[in-house]
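Going by the order they are written in, the chains are A, B, C and D; count residues from 1 in each one.
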Amino acid sequence: MALLELKNVTKEFGGLVAVNQVSLEIDSGEFVGIVGPNGSGKTTLFNVINGVFFPEKGNIIFDGVDITRLPPFKRAPLGIGRTFQIPRPFSSATVRENVAVGAMFGTLSKKVNVDDSLEIADQIIDRIGLHEYTGKQAGTLTPVEKKLMEIARALAMKPKLLLMDEAMAGMHPNDIDQMVDLIKKIALEEKIAIVSMVEHIMRAVVGMVEKVIVLHQGSKIVDAPTKEALEDPKVIEVYLGHPPEETHAVS
Amino acid sequence: MFFEQITGNLIQGLVLGSVYGMATMGLSLIFGVLKIVNVGHGAFIMVGAFITLWLFNTLGLSPILAIPAAFAVGMLLGLLFYYTTMRRLIKAPELASLLATFSIGILLEEVIKLIFGSEFRGYNWAVGKLNLGVTVLPMSKLYACIGSAIIALLLYIWFNKTRAGTAMRSVVEDSEGARVCGVNVDGTYAMSFAIGIGLTVVSGVLLTMFIPVGINPYMGGGYTLKAFVIAVLGGLASPYGAFFGGLVFGLIENGSYMLFALIPGVEPFALTRFLSFVILLIILLIRPTGLLSTK
Amino acid sequence: MKKNSLTIILSCVAVFCFCFLSNSFAAKKKIVIGHPACLSGKYAKAGEQAVGGIKACIDWVNTNYGGVTLDGKKVPLEYKYYDCESKKESVTSLLGRLITVDKVNVVFAPYSSGLTLRGAPVSESNRMLYMDHGGANNKIFTQGFRYVVQTIGPATAYHEGTLNMIHMTDPEAKRVALAYEDSEFAKMVMEGAETHAKKLGFEIVFKRTYPKGVTDLTPLLSALKASKPDFILGGGHFEDGQLFNRQMADLDINSNALSLIAAATLPAFYEALTSMAEGVMGPSHWEYGVKYSKSEAKKVGMEWIGPGQDEFVALFKKAVGKDTIPDYHAAEAGAQVLAYVLAVEKANSFDTDTVRKALGDLTFMSFYGGWDIDDSGLQVGHSMVDVQWQDGKRIIVWPREARTGKLVYPIPTFAEKAKGKIATP
Amino acid sequence: MKTISKYYPLLPVLAVYFIMFLVGKNVSGMWQLVAMLLFYCALGQAFNIFLGMTGYVDFGYVAFMGVGTYGMAVTITQLAHVEGLGFLVITIGFLMALLFSTLLSLAVGAVALRLKGAYFAIATIGVNEGLRFFIEGARIWNGSEGLIFMAELNQILGRKTASALATFWADIMVLFIAMSAAYVTLLFMRSKIGYALTALREDEEAAKVMGINVTKYKIIAFITSACFAGLLGAASWALKTPYVFPPEVFEIHYTIEAIIIVLLGGAGTLLGPVIGGLIYGLSKYYLSIYMPGFQLLIFAPIIIVIIVIFPEGIIGMLKNRFKDTSLARFII
């Protein structure tokens, strides 16, 4: 059984259809890339999956539970972690506290008290390699550090599924390689399925994901193993059919 | 009899409402562009009232001439407070800007008190009355109403037809987007704050044309609260929505009195106030963008 | 850097302790009046007047009267006042300081019934005489306070004189409209007016209130107009009284008489309204022009103390440093000084209980008029005067023995007044 | 050992209160000043639980003090004629204050807490003003005439006890309220609630995605803060001030004062409101003694300068300065 299943999910804003009849399946431990140009509905899809928006039509099933109408704070403990395109740390709290918040509220176990979650936070911070920043206020970190911290925060939730929104955008290629290795390692150890959303860094897509889902104007046009998908004429059309500036613009 | 009274009240309410609307446009403009609630709003209205009073009683100038003077003073005050204080608080949490504008209000009140004293003053601009049968309308009130409508119209034109106005509208919609499109956001902030304060000070002139007594350094408090309700009626961020919000508010305030008076054992006037706050809450819940917005 | 801030903190603590411990150890060679005055905040205007009135009368006692006679010696009066900002928290804290640090002999309450009530328990528990010149609420004196003594008259009596006067002037007038501010003080006045009006056989055709801080009275006044009253009583504070009169003019509502409490008697009222205020009346505790004098006191067989009216006005101007005529807030506060001085002399002591007893037995007349309290401390000996604007001047029209001119009744309509007609008898 | 060290930050707070108590008790003439300072500290601490920890600006906060005051006042006036109740009346009064403020906070919370930022601030102003006009307009609890109840207090407790209550024990109650508010603040900070509130204050949407039920935690902070306000109203505005007039207990200036205190000391810190309350109260007191009539003129620009230059408040600033020193564990 798939870990996450979307059945004909549609989300509209006013008259604008942001996500159109999307169905997809993601298996436990699978690495999936969601690719699509700016405005293709990727972020909306993420927001629908973790409950920031409710879809107008369709169902979302996670780990055998229908979560279509579940508010986000109830989905997270089921095992859905998330990072944001522009990092959203709890600025006044320290890195350690930020990560501890993930451990405290992001799991189903009610027994995780404050002390336990701080311990969990310490472990994860060590693993991610943020040790020297642990006492620093999250708002004072550099953008790359913030991204790492967000990943640590999401991992502290012990997710089964990790949604990463443009996690590698704006990073130096060397850092990207390092980070991909790190995330992959942890994900394999913890059996986390990763859905990474990317706009144009194809290198990272190739290096990391096993499967690619391509969105175009809210609809899914391709859902195939990475290599196959990249050679798909529809993908080539979506990417080359648009002027390069647009695909490089930050949404 | 009842019908006659209620018609009279509604006419009065409409005239009053136009001035109320005018007195809220500055608040809405500033909120729309800078996302700052000017809690010291009433103090700027008070400044306008004192400008009128001073020009009329000391120099003998008609309140109509006070309008441009008040606008100029308001623009200067706006620029002064923008560059010394507000500019640093745009990105700060609400708490800071709320407290800062409140303190600015207190500062203005105390300075005016130091200059003019805390006496309640008034002036008498005798320009006749208009008898409508159901009610009597002094011409000064009518001028205030017409003045408000003209200013609201001018603002509308300026907003929609000029370059600076368009820039301002784009900042209301999306300040980041406007920045990317090459709008001088900081300049627009300063301009909007100054114009917002200018409008508020002018509304002080019109309000004293409407009610030329009770002019005192602390007169603004009640108007601030009313302006909040009106601004919400018109959709907080929309200056000309605020104008129509004012009309609606004036009608409610004056119209509901007769209905509450039918309930025995209550104080109907206090209940009209209660009603306006109930309406405020209802609108905030069901339609925070205001009654008139299309969204 | 760290050292620096430590020093700052330490010095802050030091300053704090110093402030706490600083105590005045002045030797007792004078009698001190303490006063948490309202010099800022919502009662600033009344508070400034009161301070001026008190200063004027203390000046008179110390210079003209030579001081308070105690054991055959003349002891000067001293005045210690702070600004309570019209706030209850400040009232009690300043009261505590006045009683224990400054060791005053008597405390004058701040303006308003609320603030007076807030301070009362503190003065009671310190066995301190607490003289009330700005709290008119009758209920202050049913609370069982032992040391609260009133100089201002009770609120229920404010419109009694006006009703008596109209009853005698125009027996035909029957329909009275009451429109007061929705506040504890004005409601109490309204209650008193209603009871008295019914006693005199008037019919109350309109009885409504308007909220504090109102800026437009149109709906209320339209309803009032429809009730067709013979005369109108109302008001609450100064600002709404001004608005009341102005909007009556705007809506062209005319009646035979209009009396507004706490507003119509002040000069600023006419300054703001000019001709519209012609003929408008107001009850007052005191007005410039009342004919209380030493000879008047002799006539009715009462003891007299204090400056004459003109002397008081001159002293007041000197005290505030401005050329303004004092209003009743100043007069009642000033008269309170005189009451205290007399009581101390009678008791030949400044012990609180003894002075309180002497005050209970005291009746006298000053420029402010009669002064007498009942057992609870409520002022019963002072009668209010009614003032009417006639040709831009305040004429005292009631009571007969104090009046400086005749009542104009009915008053000209607003249309007539706009054309320049003035209210003259 | 670890459990004790958790409570270290309470030490400076309690120390300040203890010193205040000692000074008030032993230095003649200081008790009423200390009472005022305690009131401001308690007000700051109570408001900080909501304002400081959630970042939501409740402009109508004073309404909770208002209904608390009414809770006590109504109890006293209603039960005065029942003989032999004595201090039980005061206890019932506090319970009524708690009940009223809880009910109001539930109602307001359900409605207004869905709104954010300026909309929330305006809605809460509306609740406060609306409630006042409702009490006046519908003539509830005597309408604008209010309740005056020193006589009833004398009747219930006897003159001597009633007087001691109004001039001393009411202030002690305020002290207890202030200390309990400090304790609850620390408890919150050290528990999941504190982490959840910090998260939602910084970024509500991210907090939701982290699994935080933001509504639940906002309501917890809101009700707790409102209850302390209700108790404070009952103690300081009913027992210490034997009257209630609607315009005075719904006076918006008290909300502003509370905001100033919290911001001055440092929003969301434990020690901040205490220091803020002390500085605010003392400067008001001495300004009114040495410069009567000019407090506000001096105060307003100072507040503006503080907001612009030290947006984190005094304790916020100190916290950062002493971050890596041994003092750090005492200052939060």
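Operating definition for what follows: a residue touches a chain if its C-beta (ideal position, glycine included) is under 8 Å from a C-beta of that chain, and two chains touch if they have at least 3 such contacts.
In this text, all values refer to a predicted model and were calculated from it rather than measured experimentally.
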Notebook entry, point to check: Taking each chain's centre as the mean of its CA atoms, which one is farthest from the centre of chain C?
Noted result: A
Next item on the list: Round to the nearest whole Å and give the separation of the Cα centres of chain C and chain D.
Entry: 34
Notebook entry, point to check: Which integer distance in Å separates the CA centroid of chain A from that of chain B?
Noted result: 47
Margin query: Nearest whole angstrom, what separates the Cα centre of chain A from the Cα centre of chain C?
Written below: 72
Checklist line | Euclidean distance of C-alpha centroids - chain A vs chain D, Å | finding: 43
Check: Can you list the residues of chain C that touch 2 or more other chains?
Finding: 44, 182, 209, 211
Next item on the list: Among the residues of chain D, pick out those that touch two or more other chains and give their numbers.
Entry: 133, 136-137, 143-144, 296
Notebook entry, point to check: So which stretches of chain A touch two or more other chains?
Noted result: none
Item checked: Chain pairs in mutual contact under the definition given at the outset -> A-D, B-C, B-D, C-D
Note to self: Quick check on the complex: what are the chain B residues that touch chain D?
What the structure shows: 31, 35, 37, 85, 88-89, 92-96, 98-100, 102-104, 106-107, 109-111, 114, 225, 228-229, 231-232, 236, 260, 265-271, 273-274, 277-278, 280-281, 284-285, 288
Next item on the list: Show which residues of chain D lie in contact with chain B when the two form their complex.
Entry: 51, 55, 57, 59, 111-112, 114-115, 117-119, 121-123, 125-127, 129-130, 133-134, 136-139, 143-144, 256, 259-260, 263, 267, 296-297, 299-301, 303-304, 307-308, 311
Next item on the list: Please name which positions on chain A make contact with chain D in the complex.
Entry: 50-52, 71-77, 82, 84, 88-93, 97, 100-102, 104-107, 113-114, 135, 153, 157
Notebook entry, point to check: So in the complex, which bits of chain C are touching chain D?
Noted result: 1-2, 5, 16, 19-21, 23, 37, 39-40, 44, 81-85, 88-90, 92-97, 99-102, 113-114, 117-118, 120-122, 124-125, 137, 139-140, 142-145, 182-184, 187-188, 209, 211-212
Margin query: Touching residues of chain D toward chain C in the complex: what are they?
Written below: 23, 27-33, 35-36, 39-40, 133, 136-137, 143-146, 148, 150-151, 154, 159, 162-164, 166-168, 237, 240-243, 245, 247-248, 278, 282, 284-286, 288-289, 292-296, 318, 321-322, 325
